[in-house]
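I have a structure here, written as structure tokens, and I will follow up with some questions on it.
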Amino acid sequence: MLLAEMNWPAVAALPKTTPVVIPIAAIEQHGHHMPVFTDSLLLGEVIRRAHEQLKTKVLFTPLMWLGNSEHHIDFAGTMTAAPRVYLDLLSNLIDNMITHGFQRIVLVNGHGGNHVPGQQVVFELRQKHRQRNDLLLLNATYWLLGGKPYELDSALEQRRMGHACEWETSMMLRIRPDLVTDLNKTVNVDFGNPFEPGSRGWITKERTPTGHIGDPRKATAEKGETLFSVFTADVVTYIERMLAWDGKSWNG
Amino acid sequence: MLLAEMNWPAVAALPKTTPVVIPIAAIEQHGHHMPVFTDSLLLGEVIRRAHEQLKTKVLFTPLMWLGNSEHHIDFAGTMTAAPRVYLDLLSNLIDNMITHGFQRIVLVNGHGGNHVPGQQVVFELRQKHRQRNDLLLLNATYWLLGGKPYELDSALEQRRMGHACEWETSMMLRIRPDLVTDLNKTVNVDFGNPFEPGSRGWITKERTPTGHIGDPRKATAEKGETLFSVFTADVVTYIERMLAWDGKSWNG
Amino acid sequence: MLLAEMNWPAVAALPKTTPVVIPIAAIEQHGHHMPVFTDSLLLGEVIRRAHEQLKTKVLFTPLMWLGNSEHHIDFAGTMTAAPRVYLDLLSNLIDNMITHGFQRIVLVNGHGGNHVPGQQVVFELRQKHRQRNDLLLLNATYWLLGGKPYELDSALEQRRMGHACEWETSMMLRIRPDLVTDLNKTVNVDFGNPFEPGSRGWITKERTPTGHIGDPRKATAEKGETLFSVFTADVVTYIERMLAWDGKSWNG
Amino acid sequence: MLLAEMNWPAVAALPKTTPVVIPIAAIEQHGHHMPVFTDSLLLGEVIRRAHEQLKTKVLFTPLMWLGNSEHHIDFAGTMTAAPRVYLDLLSNLIDNMITHGFQRIVLVNGHGGNHVPGQQVVFELRQKHRQRNDLLLLNATYWLLGGKPYELDSALEQRRMGHACEWETSMMLRIRPDLVTDLNKTVNVDFGNPFEPGSRGWITKERTPTGHIGDPRKATAEKGETLFSVFTADVVTYIERMLAWDGKSWNG
Amino acid sequence: MLLAEMNWPAVAALPKTTPVVIPIAAIEQHGHHMPVFTDSLLLGEVIRRAHEQLKTKVLFTPLMWLGNSEHHIDFAGTMTAAPRVYLDLLSNLIDNMITHGFQRIVLVNGHGGNHVPGQQVVFELRQKHRQRNDLLLLNATYWLLGGKPYELDSALEQRRMGHACEWETSMMLRIRPDLVTDLNKTVNVDFGNPFEPGSRGWITKERTPTGHIGDPRKATAEKGETLFSVFTADVVTYIERMLAWDGKSWNG
Amino acid sequence: MLLAEMNWPAVAALPKTTPVVIPIAAIEQHGHHMPVFTDSLLLGEVIRRAHEQLKTKVLFTPLMWLGNSEHHIDFAGTMTAAPRVYLDLLSNLIDNMITHGFQRIVLVNGHGGNHVPGQQVVFELRQKHRQRNDLLLLNATYWLLGGKPYELDSALEQRRMGHACEWETSMMLRIRPDLVTDLNKTVNVDFGNPFEPGSRGWITKERTPTGHIGDPRKATAEKGETLFSVFTADVVTYIERMLAWDGKSWNG
């Protein structure tokens, strides 16, 4: 079900156990070769496919395209909520749905910079509503749900998500090839960073002059289809677990 | 130009005098007969038409569908930023574009509850950037730009914007009649309020049990076309004034 | 009734339906020819006259002389709350009175820069107290209540409020001519701004080097008396509508 | 000099070494026998007398009558800024004057509940402007400047400031006896508190059902004159020290 | 009792009337001759001694070593919470204990810069919990509880607390002489300040180039023992008053 | 080097490339069998051992024992900063060191609830100081640096960190067996949660009535030594990577 197309009595009539999916992405630079709306377009496609499979059982809000992208702000066209404003924004989105009585709410995230804020916010909100014992508040970044697309398609060289990389570019070639430009002019940019697995604060311009990380030249539409398939399956499975929850217990 | 479809070098190459349009609307109850995304759909259509006329001269960001709708939160499906978070959100959207060097930025608004916050924010940001002498920060609600659609179409009975009313319902009938339901079951709800022209804080449920204000039964697709024409013309004219600005003076 | 002169048992004994008037103005530059306290002096006179007519029926708090005047801060002597602090300040003033049980509260405003903040605050507070069904929270700027003084005195050339203009200077000449200086040295400053009726963020120094907007040389004490009469009548009428309210309904 | 009556060029022409006095008081319950504006009236008189002695050398802003009075909010008619809003408010008042270039600024305080906030704010602002070496930011509560009025008038029984007490009531009898009512019906309320000299958080209603602390029946207008004389002298002396400061050194 | 060494059932089993002591100090420059942890070491010793006398009757939390030290930040090694963050931090510490049901809570403070924030916070929290009538919230700086060590040891020249001064250096010589260096190279730095007893905002570097205030060369371990004895006795007595409180009345 | 024991000139003399380690932990319930200071004691031991190996090359601040523990607040004795206050607190700690010129700063974390806040804060601060190109801001939770202690000691049954579990209890048995009580009375509590690898907001009492997660009965001091060895080695190696950084590049 698409919230956008429903009127309020229809929403009010839904069972409160209906899972609510709030898709969150970004509008930020994606290199010389892809548009700033890439994250939102890609997550939009994942959500579109997931919706096809789940539609009568799950409520989907519109996709919030403004993300936590301050690390990209040196590149023109990037828009971002300030970090604390982004926490408030996500918090408001979930809290609206708690106000309407929904009990199972997930942020499905399509931008790396939103991942930690999403975790912070589900923590904060669970504390705020600590008297409730029926709340399931989740944050799930679509490429971090366990899928290993490179095991399905050996042509995939990359092993984890980059930025405007083989993976993202492949997915764009699959759905909006008209928005992918001059791919041959791009170069490989290493992921780098000798400080993993700790977390390191960074800004994009210290990592890459063009704005991308990874090797976009390796992208193909076929790889894109594989990626969409794997990630959609992961998202669908995750939401099905929400449906299967017993509604009250940690382990249910 | 649509920001969403541009890559960052293309945005960086734009003249800094390019007007930037940030459309803002809402997702909130619109009575029993219309979907919660009504404001966003209607503004989206106004912006789509304006873009057709202005496209190479003006930069359009995506439409921010989350608005200042706390007065509607008693009705299911409404989503809203908390009032101060909404001020921060609008402020961030404009400030992003100032960061990228743009000088002429307008919020084009399609939700009544956003009007005052938009005014507050252009005030605050102008103060924040008081050392600048080339900034034009504007807030414009599309039905408050002077257009008098009832002078063009005498069938229009309403004289100002309501909520899920003759006007909004007509526009929805024009673009998404599939989302308008059970129109005949609605009733007239007076605008009321003996405290104009002062401002009065209100919540929707004290005004209307169904959520709409005005008389939706008066709506027709033809009236909708008139309304879109008038409002689009107003928005286009307003942006053209931004294009015509001399770039530095109050009166220019 | 003047809150300042009452003791707490007397306030506690008032009917909770008593309208409470909170006058808000500013201390900010008013050109070369008038003192920074102009807005507070003028509103003080309007309130003094209104109080004479309403005294036993209405509770008046002291006038809050600190306003939202950051746009004037480039001119010496201006004092201002920061924009968000001003929202908090107004919010506290009204909320104090809600705490004491009062149900009908109005900000009577005498400074243009306070108008939008006053609207924002009555919105926010109505939401905060959404469980209440007996609250009437209003914001009313005295020259925006419908009065058309120029229809009474054809010598009045100005058609709306400026700043340290024909209107304000006339009113000062009526009550404190000793504080009006060198009127003949002033010049006309056009209202300007080709971006109405949209809202535009501005700072005073981009509009006027002297600090005034309008033509102070047109001021006379007689015009001032007309202005005070019209504006006082508007304020009194507005408060009488608060007295006549049925205490519960939107239209009452 | 009274800021309220000056125009901006006159303020701009003042030497930046001119001391600026910002009087701060409160509007809060003062027992059954005195009005809520007592603190503001009393400080107003101290300031009026100080101004008479200092007038051409010192700039006085209007008196901020809204104080930090949340501990009195259980008594009708009390108005208060929330504690953090009050910090912001004081901070803004001082910072306005720093913006205009003034270097020597003092809060002269007439309400006990403002004393700690005033200290907090001069600390905060000095840190904010830590690159400045010419700033003198002070907070001075008028009855805590060393004056011992009981040494001048042995009829004074109280040894320190209470609330609506012998001292405050005497001062009110001196300037506004018309606002003092039913003095004979009051009783003595001990200062109490076995936890001095540590600080203890308190609310008024746990200390006194009537709202006053001390013995108002001991008040006379003659004692009031003594108190005003002593406190005014203290304030004048304090400001004279500001005038005598060398403008740069801690000990100067 | 030391909270740090207790498990939660043991804490839950304590009478809610048990006084809770929250020691707060700082990490900030203490001149050329003493380490940045001086305030925390000294308060730690006072608390250690107090705990020995009170142990089964009082609950001691760990010492919060981060203080309000922004005035020292120009000197390397100083750490500080920003002023408002420090208010929040203290507020959280006390509020945690209120959450667990404790009714008598004292901040025992060992850093001058924490004194006003501690007062502000006990004020704020008492207001926040105004519906409670059994709360005793206190702030006590150990050297401001009335002790006059110079009356016990005539060799003590100083009459009040300085910074890295005769008093603090003596106490450090008593407990950690290994951390006191080059004492003979220090000089006397006058307390100065002609603006007492008003409060003045200051930063350390405007008072002293070395960072200390007072004359460290006068320090001896014997004086240190006297100081610890006096201050510990004051703290113990103060806490005993908390134990003796009747649990409900202002004067009890 | 221990910051606590250094004076400010010594800190000022350090090379700005010196890594700064800020240990952060918590004071929160650790089941019936361990004290609330467990996380702080364990991290303290890891840091003590790391300091022994690194001492002249690295600056260690004191351990911040107040953590982000609101999920445990239902259990007595838990103390916590509110979530946003904790972000501010961490932010201040790091920013102090940036103020003093240090370029390489790591939060070494010993409490699960601090992990996401630490990530959020290094993100925020890197953005705040985006003009700097020499900053290395890191967050490292000691048991998430890659160590697999169960590969060294096959007796270890647990595969990841729990709470007051086999691992934590073993480490406590190694350093403070006197504070471990009634171990035999504990039971196994499953980690549970069918919503991994997504993030789920939780409060402790919905997971475990006793407060622990895992099986404390499996703990031995020998296992504790293994765990300390592995985790200390990981922390030392991580800091050595900071020492080896080239001071400017992402990959250096």
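As written, the chain order gives the labels A, B, C, D, E and F, with residue 1 at the start of each chain.
In the analysis below, a contact is a pair of C-beta atoms (placed from the backbone, for glycine too) under 8 Å apart; a residue touches a chain by one contact, two chains touch by 3 or more.
A quick map from chain label to UniProt name: A, B, C, D, E, F = Creatinine amidohydrolase.
Quantities reported herein were computed from a predicted structural model and do not represent experimental measurements.
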Neighbouring chains shared between chain A (Creatinine amidohydrolase) and chain E (Creatinine amidohydrolase), ordered by label: F
Topological distance between chain B (Creatinine amidohydrolase) and chain E (Creatinine amidohydrolase), in contact steps: 3
Rounded Å distance, chain B (Creatinine amidohydrolase) centre to chain C (Creatinine amidohydrolase) centre (Cα mean): 29
Averaged-CA centre spacing for the pair chain F (Creatinine amidohydrolase) and chain B (Creatinine amidohydrolase), given as whole angstrom: 49
Junction residues of chain A (Creatinine amidohydrolase) - those touching two or more other chains: 73
Chain-level touch network, classified as line, ring, star, complete or other: ring
Ring order of chains, beginning at chain D (Creatinine amidohydrolase) and proceeding to chain E (Creatinine amidohydrolase): D, E, F, A, B, C
Of chain C (Creatinine amidohydrolase), residues touching chain D (Creatinine amidohydrolase) in the complex: 3-12, 14, 27, 29-37, 40, 61-62, 64-66, 73, 75-82, 85, 88-89, 92-93, 96-97, 99-101, 179, 181, 211
Chain A (Creatinine amidohydrolase) partner contacts - residues on chain F (Creatinine amidohydrolase) that touch it in the complex: 70-71, 73-74, 83-84, 87, 106, 113, 116-120, 122-127, 130, 133, 135-141, 144-146, 190, 192-195, 197-203, 206-207, 238, 241-242, 244-245, 249-252
